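What follows is a set of structures to go through.
There are two complexes below, and they share chain A, which is joined by chain B in the first and by chain C in the second.
Right after this comes the complex of A and B.
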């Protein structure tokens, strides 16, 4: 195996029978709750504390809409990353791919003169192609996923700069901004788009044969291969999904900003990873899944929003972001270990 | 199509870069052509690119070649690039961009030892630096113009960035000036790179929640364009039109936003002129090093608003499409 298998699950944690007496003890129950619902409890606690401390500002429909709108792009790119992690791989190119897509889609319209639909469609295809390149480098050329995707991401930075070192702001059809800023029943379009994307990815991962194969590959690649699953194809598919989601994120960001810039979406990489790993500590035992990723995004965005409303200094927000990630994943992992030991 | 080909070419270039490095680029090379090594903070940033364009223009006019190293904001990479320029590539001059001079001691010592003049964009004048541009000037221009337009009563969200020397000194100018106006309630949030646009959006969105429409005069001050553009996105997402946004740099996005009415005022920093001034200082220094006096190159910003944007774009036809 040349690739880096990824899991927040403790190594070698095949399910072990737990003594019936222990299963029923209050301590055991508390640990089960902590390991599976710790992040949800944390999210609920944040919502309660922020609501109590700022009852007229935080728990308003406007603020919740803003929180969801802010989190929507992170959720889309993180959902794509979830697929790569489900099959046991990393994708470090997603932030750069999103920036690249955001620049090119605007360039396609403003410089090449393409209609909006064609520019978006072409960029999504290119996003899929970038994902396929990542997948082929990892599965066929057998380059470690961290190296391969970092290399592709770095090339994309250069390619974007070569395409346009300056932001592209003119000759962009005004209708393009409606992709993000338009509203459906008073809700910014980015929210329903996020819901649709996450729903599709959830269905594929949980309700289809393909999704079961992805989870099998991520669970035990050799066993999956021996059982007849075409592991390489499954992994390439996961990278393609990550590439498409990154491209969609970049497209929507450019729509929101009304321009294309070669580095605008680079910051999504770290938040996406944080969200996906937070999500792996939610509901399931260290597995990456779409609902968990959404919860992870919400924890990050709600925390940022609440602390900003209270006027917390910027350093406190960074400490919070890193601390909540370590706390959630650490508590979840620790609880599972204690449960196994019992 | 040319740009598409450029993308493909860049990809190929990146793959073959290790084979193309010229180890002896300075006048130590056989043909005697002089070369300036540029140490860029973030070469993909519009203002950085404008400065590099200015440096290149004067360099080429004087028959020099230009080498650019992108540090991606890393001071370690900046020191390493200066050492390489001084010892391996033996450049004739070094132009370093937007790093604080005290953080460049290793690189400067190397340049001093090799007798190579260093010009700085925004850094402090120090040992080894023959000239620098003022980082504080446009910050002062911005806050002065903001107060004249906005007044001295209300709430301001300041999106700061203390790691970059330009934004650091802009921030000093902002802080010193608003401190004299007690009617201003200032919230400061530090943005991070990468993520500067996203940060601008997130901070503004949260700040809006605690500053409802009609509560008081409201403004957002971006220490440079990208967080300000993020702030505009937050305002548009939440449907707010009661907050005035101010910015510095005057890159294409911000100028377009002024044209669209989503940014109230931007101070345009003439990066290309600053780059030209830096390179000219290096050329002049080498003509007569003995009589050179360290100097600060002060180029005032241009305050661009809805009232003068059309005239500004007529005067600077490349500003939107550099």
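Right after this comes the complex of A and C.
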């Protein structure tokens, strides 16, 4: 190779054209529509099919009230879970925490003899405390959220058994059942309670600086930290909200059942997750939000309602629950992928 | 070793790659012969890494081709690169810490098996042979996390040999090696070359590159600008080639009214090992202070220390005359210190959120509808965003556009907009114009100058010497965690910054003795 010392090579190459803007194919557009509105379309389809197949039973005011009343408990616990997911964490303890709260609130009245309001208030505070424990384990001790909340949840199962190995059914003040079953202008209390809780959570998440910070932490934790946001505090707050919502759901379930059982609310965990993930694929691309979560809850409870109207065997409920969870997470991942691709 | 009787072993032809608006590689040609040590040098961002990434099958070039022994090959994945006989050793050695040296050498290799059971003894022999070839003199049963960094390099090289690599690329091999470990590595490099393996040697340590390389290619601005064979060049010539000749000192901006009396920010004796050893500096109102040096010199770490994002082992800060000890990032921000990080996309932006959201993140308190209540006023947020869009000329179709859809320059301006707040007194800019087109770069520089004129302490960390020479009133050059020198006013030139950047610490120490 002949070479001269440091021969400067003329750079005669022309600059290449800038990459063209991404093209949108009709197939891509269909995917975007499906990923944003798929859940709403699904809900609408269910409503139409059920109405056509069971015109006398399904589309009645009583049945819709029933669906909403059933859904309100799921909606509250799922809204709390939405907060944990918005900040990029998981909370697997909420189902057990709800069962724990449902048992203890009844016990506080039946065994400790507390007045109703005190039992409820105390239980909500305990729920907040549980959330704080989760949050501290995750942020300060730096335990993975799945492990930390699974551990806390399992401890709660044990604690509930220790408190009362048997369901508590006697000595409960009869007024306690009014919490869920009492009516305001003809609708069961659980519906307005749900509306109020979701409204508050929506306002905090979308209209306050706290909510902006939560979204920033979930969107890019490092960027949030380097913007001066106290990431740990924000995450702990989200866990506290999840804990309070779980406790409230447990309390309302006990009021509905008229008893306290140490495993009554365990099933809410799965449905809450399915609802939140369905919600994240609703209207926004893979982002967790309160309105989406409500849509997710409606899909699940309308589905359950349909199953029972058409007399599906009880195992079908489990299949539906598991199937919808997988579908929900699948949809949510899909919409996030589409967002990235575009 | 440099006979050219045959075609080069690896030929790179007209390779080009563009990232966003920036041309990372512009029609690069490169020949690597069998059994030669080929040195690659150039400033950070000159294109060396992009070339290596293309060879490694990690990045797909936009155009151009790569030939192996005269035949074009496709490098679509790291597996393709491995099959072609290319091995890559980076500074962050790709080792499994709790595996033994032998296991690490054999990692990812198809091991000899009988009926699906690995024949470890056979495999071990292969590993031992490779280790013997480079005269590795440590017990191969030892876990690699118990080995010295030098020995870990030998493990990586042995792995490359087991994979029958015919070309090994080494990125900054001596950056964390001691002198004796470096010498051992040089011996291995030379022996490998004489046994026919080609070595692509990427380093900022120019003395090493000059000593070892049969040929040297210099990269500048995405082009292979200069080539030399052994003996053609001395260090000064190499530095000149790295900087380029077309230095234009005319376009400097300077502060209108710099008063170097009371600093707005001061650091004394900072230490945070291993990156920061001893750093002191002052920033005066009205001036733009630059931090020059190579990547890894500890400049970003100094900024992170001042910003409460890294732990300080020793030293102190003073902010507008008062002692300042950042406990956390949030605390530093409250005190009026801001950092615009190097990694814009991963450390500064929430890509799927809007321009308004991203620009408002540090200003949430000012954007409340009522000061006492935590509610954000959409109107205030929007007005503030419109204002910064105008003042920084951010090109976006709307304040509610996702920030991820903006160009690199406009993303950077959005990050700057975040910190245009009344309470901010010091801003660190870490690589403010990386991946940004020329027009946006000028606008970013104007914004930085404007902040300085308004008395905000501005510190610019940049590996782009041209940027430092154009923008800064004063430049501190760091190397390996220490301040190497300071250039003021008209003494701030590209050549001097580069020279200080490459000054080896121990050479200076010897001069002092």
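Just so we're on the same page, the second predicted complex is superposed on the first by the 279 of 342 C-alpha atoms of A that agree within 3 Å, B and C clash if a C-alpha of one lies under 4 Å from a C-alpha of the other, contacts with A are read in each partner's own complex, and residues count from 1 in each chain.
By our rule, a residue touches a chain if its C-beta (ideal position, glycine included) is under 8 Å from a C-beta of that chain, and two chains touch if they have at least 3 such contacts.
All of these numbers come straight from a predicted model, not from anything done at the bench.
Contact with neither chain B nor chain C is seen for A:334 once the two complexes are overlaid on the shared chain. In the superposition on chain A, A:261 contacts chain B only, with no contact to chain C. For chain A, the partner touching the most residues, choosing from chain B and chain C, is B. Contacts of A:191 after superposition: neither chain B nor chain C is touched.
Contact with neither chain B nor chain C is seen for A:116 once the two complexes are overlaid on the shared chain.
By the touch criterion stated above, A:128 is placed in contact with neither chain B nor chain C.
By the document's definition of touching, of the two partners only chain B reaches A:54; chain C does not. Remark: chain C residues 2, 4, 14, 16, 18, 21, 23, 26-27, 31, 62-63, 215, 218, 223-229, 232-233, 237, 240-241, 245, 307, 309, 328-330, 332-334, 339, 341, 346-353, 357, 360-362, 364-365, 367-368, 374-376, 418 touch chain A in the complex. Within the complex formed with chain B, the residues of chain A that make contact are 54, 57-58, 60, 62-63, 65-67, 69-70, 95, 104, 107, 111-112, 154-155, 157-170, 177, 180-181, 188, 190, 253, 256-259, 261-271, 301, 304-309, 311, 314-315, 318.
Per the touch definition, chain A reaches chain C in the complex via residues 1, 3-9, 11, 13, 15-16, 18-19, 207-210, 212-213, 215-216, 219-220, 222-230, 285, 287, 339. Residue ranges on chain B touching chain A, taken from their complex, read 1, 3-4, 6-11, 13-15, 42-46, 49, 187-199, 201-203, 205-210, 226, 229-230, 232-234, 236-238, 251-253, 255-257, 260, 320-322.
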